[in-house]
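This is the structure I have questions about; it appears just below.
A, B and C are the chain letters, set down in written order, and residue numbers restart from 1 in every chain.
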Amino acid sequence: MSGTYPGTPFPQAAAVSTGDRTLRANLRHATHTIRAKRARAVAELEDWDRLRAAGAAIKDRTLRHLDHYLVQLEENVTRAGGTVHWAADAAEANRIVTELVQATGETEVVKVKSMATQETGLNAALAQAGIRAYETDLAELIVQLADDLPSHILVPAIHRSRAEIRDIFRDRMADWGRPAPDDLTDRPADLAEAARVHLRDKFLGCTVGVSGANFMIAETGTLVVVESEGNGRMCLTLPDTLISVVGIEKTVPAWKDLEVYLQLLPRSSTAERMNPYTSMWTGTTDEDGPRSFHLVLLDNGRTDTLADHVGRQALRCIRCSACLNVCPVYERAGGHAYGSPYPGPIGAILTPQLRGLASPLEESLPFASSLCGACYDVCPVAIDIPEVLVHLRERVAEGGETTVRGTRTVIKPARKHTAERIAMRATGWALNHPAALLKAQRLAARSRRFHPRRLPGPGRAWTDTRDLPAVPAEPFRDWWTRTHGGTA
Amino acid sequence: MRVGLFVTCVNDTLYPRTGRAVVTLLERLGVHVDFPMDQSCCGQPLYNTGYRHHTEPLLLRHAAAFRDHDYIVTPSGSCAAMVRDNYPRIARRAAFEGRGSREVTALAEAAACTASKTYELTEFLVDVLGVTDVGARFPHPVTYHPTCHGLRVLGLRDRPRRLLEHVAGLDLRELGGAEECCGFGGTFAVKNAAVSAAMGADKARAVTATGAHAVCAVDNSCLMHIGGILSRDNSPVRPVHIAEILASTDGNLP
Amino acid sequence: MSTNTSRERVLARIRRALSDVPRHERPGDHPVPRDYLLTHGERTPQESVTLLAENLADYRATVHRTDAARLPALLAELLDRRGHRRAVVPHGLPQGWLAQTSIELVPDSPLLTPRELDAVDCVVTGCALAIAETGTLVLDAGPGQGRRRITLVPDHHLCVVRTADQIVDSVPQALRRLDPSRPLTWISGPSATSDIELERVEGVHGPRDLEVILVDGDPQALTPPA
């Protein structure tokens, strides 16, 4: 990734992207394709709800004792020949990785798709140090070649159609290595073949690999990467040096726990019984794979998230992206509107927590949902995303206690919400005084002939696209009093 | 059995027709309905916008208004969901905040007592009264939109459909993408107007494609949104609350 | 060292963040319900073999069934059919398996570079076990399986599974039999991607051809013909 996400608040960004017909069509096609497949893959397992409950509980157990499990993980990785580094924030993680690469004398690295390094902006940091990072996941490759930004957790180039991808390959592959064949078509199989040929040389020649991990097992020190294309296996096994940057919340306590996640993740993510390749490694192995293995444990806002006892459930996330694929808001707004590598419903609760309510963008994200609950339904670790959204809305609207870079602070309500807060207080008062409310209802009923079809000011947001209902001649309670005598 | 009608603030103010239909329907089924005048809004708009603390007095008021009732029946999936799902949550949050024990106890008791006896109308008909044929007649093509909170929070499943299938003359049309949100979402509709309108436009298109003359749901707020778009597009399809269809015996489109 | 300080800082942040967790709670105390199923459905061993074959085929692996006596002939046929000239062979692969093929056998070795491996047509291995419900082969770098890279770089992978003792029904059963200290590779079909419009396409960086041979009897006992 070379660019950075613009800090435009969600409503403004989404107002633009929602009008992009190509984007809308691409997203609709892709998300609807995967939705039905996921439902079928999940329906195959009669114990899905029980696996889901176990998946949530294992993560909760881990989070409640994260210090214990991280220390255990560190011990076991070290014992197996790996080296563990700790990074409190993105800059520190990037510095550690850069120094490790520099120590090898290499100026190129091959990368497995990793959310953690997207989050830290590692590629840009490496580029500053004169190190070129080659993204090897097909979708990440598309994004990198197009100088674009990821818009989906699983399929970062989901916003691109096959025809656009063909054009990107034709125009840009030569800048990064082997050019695309002249007769490249837009058949997905041909595009995959072009990526294979383009990246082959990089895999065979590169001596440093950079990855993330889906799971880290504390009791054994084992790391797990779940993938499809084989680019992960290439990066994890061919180089001499492997550097894995992993969020601290990816820890699970025991080997046995994988039996839950290896059933939940593939079906939720790519809608498969099992993804094509899963690699598991514990430290280093003589004469098989990297001789040197470094694990960089990343905080970068995770401990702040952990400090919020409602919001911490977001750390259960296993990055399957099922919530994106069912989200009606994501489907229309697209991933870039969420302003971070974590788009969709999970992004709307993760970004404001990892970064804090640092700017109008983060403040807008908890409101980027109709609270329809489709995300919670499909979440394989039962993250109650609507609950966390509402909780974060409260933090924006009312302020309150939060943790920023490890320090507990009380934040003030967001400035933009002052007028709303006054209005809500007034509404709350009126609703708690039915007599006053009734007066307002009657006033509205009496003046109904004069109600405009289109409202001025903030009301325009409704009437620009929707008619208002006609106000009735009398509110219900007046009818009741008239006909039933106002009992009770 | 004391049955209290919780009409909801939206219906009280904008859709009294729906409240009247619930009364008509329940009285026809032999239920004595009561309407406590002290009731107000359940607090959902405040709560979902982030004003939990402003919601608490409304929670207490709501519980007090229906203190003596065995059942609270409401023609709104989302207000029922607010009471059943969020009231207990509000009480738990107050406890976690370490507030005074009297305050916490009052909220917890109010939440527990209202949550356990609140029924969305179709639930009350099917589960409590045990009826699916309510003796209605509505000879029109109708499509049904399952609203999100009814579908996912309450788990209404096929209750509304079973009731509609027994309405004389009603021609139930399948709605494409039925389980997708219409885009209303309370203040979402104005805070994220562009996305809300895009979702609503897709829903309205699916509704129109059924050829139905009316789209019904268990929530008038969603129907206000869908209907607002249909009306702006000069569509002939009318938004009608399911209670009005189930109350109907003359067969007229309201 | 700065990361040492960061280690302490991160751990301290975690402990502060968890102030709501009761002091007496031990890591194992938080309950995890494990009432999910060990396997999905009851199967005879033969039904498990059939399910494995179906699921492998569903993800575009080519599946063959044979018995121990006929394995060498089948392998020879599969290798010759494609005109392969060189196959990489891991240590510990029963010698008899490839006794009937005439192609050049390249023994797995740490000295083999990725580029040299890329010049080999195919690889023949056994496996640690296979999972019927998911159509998965698991390799643990043990005898007859070799280093991880040999089943990755060559474009054609022939994998032999003993039906008598290597097939389990489910993921939980598989994990119970595997040793986490070994490097493990789980393979479910040839490499694939869903990155273009979320449609699955087989064949990206890993072997584009995966052929699985399910062998009845004990192919371990095969000895080279005299």
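Simple rule for what comes next: a contact is a pair of C-beta atoms (placed from the backbone, for glycine too) under 8 Å apart; a residue touches a chain by one contact, two chains touch by 3 or more.
Note that the structure is a prediction, hence the values are computed from the model and not measured.
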Item to check | Per-chain CA centroid nearest to the all-protein CA mean | outcome: A
Checklist outcome for this item: By Cα centroid distance, the chain farthest from subunit B is C
Checklist entry - Could you state the distance in Å from the CA-based centre of subunit A to that of subunit B? => result 32
Checklist entry - Counting in whole Å, what is the centre-to-centre distance of subunit A and subunit C, each centre being its mean C-alpha position? => result 30
Checklist outcome for this item: Here the gap between subunit B and subunit C, centre to centre from mean Cα coordinates and rounded to Å, is 53
Checklist entry - Among the residues of subunit A, which ones contact at least 2 other chains? => result 309
Next on the checklist: Give the residues of subunit C touching no fewer than two other chains, as numbers and ranges.
Outcome noted: none
Checklist entry - Which subunit B residues qualify as touching subunit A in the complex? => result 4, 7, 9, 11-17, 19-20, 23, 34-41, 43, 45-55, 57-58, 61, 89, 93, 96, 148-149, 152-153, 179-181, 183-201, 224-225, 227-229, 231-232
Next on the checklist: Residue numbers of subunit A touching subunit C in their complex, please.
Outcome noted: 26, 29-31, 33-34, 44-47, 50-51, 53-54, 57-58, 60-61, 64-71, 80, 85-88, 92, 96, 136-139, 142, 154-155, 157-158, 161-162, 165, 188-189, 191-193, 195-196, 199-200, 203-205, 217, 220, 222, 228-231, 233-234, 237-238, 248, 253, 255-256, 258-260, 262-263, 270, 272-282, 285, 287-289, 297, 299, 303-304, 306-307, 309, 312, 403, 406, 408
Checklist outcome for this item: Per the touch rule above, subunit C residues touching subunit A in the complex are 2-4, 6-7, 9-18, 20-21, 25-28, 30-37, 40, 55, 59, 110, 113-115, 118, 131, 133-136, 141, 147-149, 152-153, 171-172, 175-176, 180-201, 203-207
Checklist outcome for this item: subunit B partner, complex, touching residues on subunit A are 10-11, 14-15, 18-19, 24, 309-310, 328-329, 332-333, 366-374, 376-377, 387, 390, 392-398, 420-421, 424-425, 427-428, 431-432, 434, 437, 441, 444, 458-459, 461-462, 464-469, 471-472, 474-477, 479-481, 484, 486-488
